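First subunit A sits with subunit B, and in the next complex the same chain sits with subunit C.
Moving on to the complex of A and B:
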């Protein structure tokens, strides 16, 4: 592929509308985009393999063909690379047998050297080839077995199977996290383009040509990058597979919970794919404003620790706080609802309580893909709620007699801070995990993890995003942090919606919002800079 | 054989590799006498009036191609000479550069003046080592004589020529793949638009011309463009260097005016068919449709006539085939070549050329079945106009045309399989719903 491929222009709400003729019917479509996106905007799906809205267009799969009326008659063009021009005349399979046959032919070619191992393929069920086959293939195979397949791939990975056929590499180890099946690869070069244009580290390349083209790394090098698991997402077939998810679960048995990753203040939108009461994988959820279709390995693989080392549920009793000053500290994974409950607690305690929030982990620079570099996810929300930064607490730790932490592993995050905070006599910790802070606490109360609660957070772009509760809590007795904090404050928050009502009271920018009015991609707050 | 004007091959066998000999034969007179008195637009108009069409295969009018190159963009304009001669049966550029490298250099200086270019690249096929040697020697002589480099002939005009060795990929003869390869990338055709004239090598305006096209320029400038135009057909002027190969007495490179009858080329220039009777002629390289003996009898060698016969003029590489050959063998060779040379980008070409080759191989091995030919014809339907470059059609076209015109050859091979009439697919018992 060439270096000169450009990113596709995607339609926005501000796109000017132009009139084009699809199958001789006039329709209004966004005018500043490619034909594929324009047709999608009016509800016409075009099958495609190599095109990805957030990757440069390479136009090699030839699956998205449409017919365009031109000076030399009706020509087949690829819709992903054809810009919309006013008045253009387009013919889709609905009216053109030629387009239908051309797509069918491409589909047939695509399957010539593709193994039919769907029953053991991890991608089966969410495979672009399968979808395209249902849309424009569905022909009886016309090929005799003798014509054979050509699983050349890397000659070093070839082997002869039990039937005496030469086969390609079935599990080529590309790096610490990704395996490649060379037989399944359809050479769409999405992964190559991802590593080059998005990850900015050219670790994959297509080697060879013709039907012995194969994906490979540079000799002696490994595919090893913070975003390398994204190649398994962009792979339209089951060629790129994540080692952690290989043969774990059929994808159609997974349920999907839309939520937000709370390990970074950008709040990458994710799907928690779960079944049998556990999370099997985390997938990026497309949000054009936030993380597009990308997700870092850190955010993606964090789920493996979610159900480990958890605190059990316990029966709650009314506690009384002493007369001294109380520091209420919110950790980065606290939702807006948790913060509201903590504010309620502070109000019930009066002036002797103070609110702090944040994380002691190091803030790094944004990587421009799906991380802002700030591990305190809800920092913007804390600012809105009027929480002071936790560094303030470290300076004035001697003033306090009680330390009340929620989801804040201050002792684990910084050893020096631990020494300072140890001097505070009474330490109450609300945390999902049996971490250092819980171990050092006078009372450690188990709560639900952020993946198991409903709520909202404000990300570094000032966008309010929704979290949903994934039904994977290991202990049904566990309560959400806001419920526990409200109980300790002597009040009652029955549900996340009740807590959210409190948020709207405390934060003027939230006025008028409700879970229903916040879209799945979030809502930009006034004065935001998204 | 009537004596005709020689444009590109006039210095063949005269030792014109040496600059002194070349100058004695009238070379570089354009540069010292005429060129710098002409404006760029005058020169482009000159070329347009000469009716010169690109000699690489597509036959695009050269003057029009030059007029597409934008001016004043602030970017340099590059000239790239396509000397990556890879089409089966074509060997003219090889001889032209070997025998007369200074004519190419002179032509390039003219083109550079017309396009306002500072540098040109000769993308030469890597296997042409003697050719590259001869070119480099000629370039050194031209630099020493002051025809290249800074301030040519005391003007402000500066121009450099570089010879780039390709790595022998057929697809690098496609202009955008050539540019990719020149830049150091994988030789794969780019999506168009933008066309190279606007955004080519290093994102700058680039004019890609064939060797023969550039080598025609000195003659055109020396004489009158109308004289050049007069030699050809109304829509394509001048002479053409033909490479005649195959079953003829004297295979080789011959220059003749466009529009010469095909049989004149075969019988008078190449000495006639040997080894048997004429069976077929590939008029423009390996990727074009063949003409049967009857068609060849009425064909003339020019763009329009051959296009009307549903084949193409291409690079003027005639391959003459006598009746001792089975066309399936030839097609199998093409299948081998094109399935190997597909760049691997577009699905139909990447997977289809290989599949066709495997099918042809089976037929040649005597394992063909009834219906294989129909299936191949049907598969080539998926090639037409759907890929980035025309390589897929370079195999798809021949498969369709060979099987249409020489069906008996296919049947002969298929009949060698005793089981050829058996059903194509051995129907296995399909698993029921309760699998």
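Moving on to the complex of A and C:
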């Protein structure tokens, strides 16, 4: 069982390089990490099951064995919990038959009572056991068919299947969002460690001993936590399955779009997994600086609303903005490109237009996992662009004659604010959804949702992160907000790249950046003041 | 590489007229045989005459059934993954039987696109899909009707497959009662 504090140290760019000998060849590896990460840094992958870079090391699966030269000769050690020391001599399967056999044996043991479930298993295609089997297993079956497989999970969930075989625990309901399959569980205890050390609420436990260990919750309690769907990610096999994605799609049919979750100012990095023009699931995209491998349920399940209640596309006409003062309000999901276009609009209208940005939703404290608590995702970007906060607008609402909102559902967010803002006569709303603000608007123009546009945002850590367009837009005629705003400003932004050029002109901290120079994990800004 | 050397034509052949008459004679012979000794022709006159089809012939698909009449298909999508013509469309859902996790909700094969390669049958891990129906002609009025749905694919009679034990397990088959007992549902 793992203890609490042995978080793996991951190599960084600043790691000191030390020389070790792998298969009698000298290589330079990061010196402040474990052997598994060090070997990975030089391109040697070690199969592993229980090790996860952002969970405390537990060392219970023994899949990651390598040989190390020690005072008593060559010994098998687990690479996930062996620190790198200068001059150590390591042997991998490339030179050592013993390592190869040991890994193969471990793999065989792991599969002895594992069900032959891959055809119906939601993890198939991205399963660690399958990968390990291809890499270091591939044994001849030594199973005696007359004995079959044994079921070693919770005895209460046992049943006899149609072929007379003892099976069990196929869909144990752990909580509102997660189902457990006890037969597939390999007792790696990653889920337990996640709930204990990351979520900070120890809702899962290993019960029983040895071969009969199984995962369970405390009696009468359920797995119910804002981050509980992360256990389905950390689970290396198909034991933990998310109810919302269960049997929806085979994973190899999904395409993946890397983007950033725009419902929180931390901007958790995500994959939008889509097929047939709709999003099927959202997975965390590992970013060591931002959300590591975690994603809150709110961000993960938000996609279910993305294609509902949408405004249709329409032909754009030039809007005349009257003579009075105009408030241009950016919502939290506006990208930097949208903000640049709004600034262009302000410039075309002159001094009577003012820029505001933000959200009326409550800002809460960061949870330290994958949320900063601020629902206005691009707040830092708005500061860089010089947008005033919306609270300012509420104070001075009576000065304005036109309210121009982009992705900002001000009327839906706060009923009191709605009363104040209703006094502004002309209301133009650019929004993907037919929300309260669109309903109250004199003109509502449908635009693309943030999941369907390319762009950038600045998160609460002052990191510029890239959004990519996922090809799931319900109406191909819809345009990105920046394109519509630029059109209303009498200018033309053909692509997100054009809009980004404008951003680099407006924001000194962005100077010299382009989509190509921002890495997939983002770029930390130097001169920002967020 | 095999090189075939043509024998040069002799002068009678090169005269053309005798060869042409010989060709006409062959045609006439077969025409006369069709008129007077029809049975001896090596071809069959389809569609009045039907060819003999073996059960190994790759004909229209069918989905095998469990003793309780549900499709054996577990909706794994292996057949769709193997299909070179991309003509199988599957949707899965949770099974009502607690012992079975996944069941098929939609199973469509577009027989207009299908190339009858049989790879789907090979791919199926649970022997749910077969192509032994001996149905080789597909005639419909609209394109949509060429798409076989779950009902169509599971709607077959065990009596048509007397020698196949797996087919006899399905409802109506000779082994059904026995299989249902093992399946866990008593027959009354």
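Basically, the second predicted complex is superposed on the first by the 520 of 530 C-alpha atoms of A that agree within 3 Å, B and C clash if a C-alpha of one lies under 4 Å from a C-alpha of the other, contacts with A are read in each partner's own complex, and residues count from 1 in each chain.
The rule we apply is simple: a residue touches a chain if its C-beta (ideal position, glycine included) is under 8 Å from a C-beta of that chain, and two chains touch if they have at least 3 such contacts.
The shown structure was predicted, so the numbers you read here are calculated from the model rather than taken from an experiment.
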| item | value |
| --- | --- |
| Which superposed partner A:97 touches (first subunit B, second subunit C, both, neither) | neither |
| First (subunit B), second (subunit C), both or neither touched by A:208 | first |
| Partner chain in contact with A:170 - subunit B first, subunit C second, else both or neither | second |
| Partner chain(s) touched by A:14 [first = subunit B, second = subunit C, both, neither] | neither |
| Which of subunit B and subunit C A:156 touches, first, second, both or neither | neither |
| Broader residue contact with subunit A after superposition on the shared chain, subunit B or subunit C | B |
| First (subunit B), second (subunit C), both or neither touched by A:75 | first |
| Contacts of A:365 with subunit B and subunit C, given as first, second, both or neither | neither |
| Residues of subunit A that touch subunit C when the two form their complex | 119-120, 159-164, 167, 170-171, 246-248, 250, 252-253 |
| Residues of subunit C that touch subunit A when the two form their complex | 66, 74-78, 81, 92-94, 98-99, 101-102, 125-126, 182-184 |
| Complex contacts: residues of subunit A adjacent to subunit B | 1-5, 49, 57-63, 65, 75-76, 81, 101-102, 105-106, 108-110, 112-113, 141-148, 150, 186-187, 206, 208-213 |
| Subunit B to subunit A touching residues, read off their complex | 169, 171, 176, 180, 183, 185-186, 188, 190-191, 199, 203, 339-348, 350-355, 358-359, 362, 367, 369, 375, 378-379, 381-382, 385-388, 424-426 |
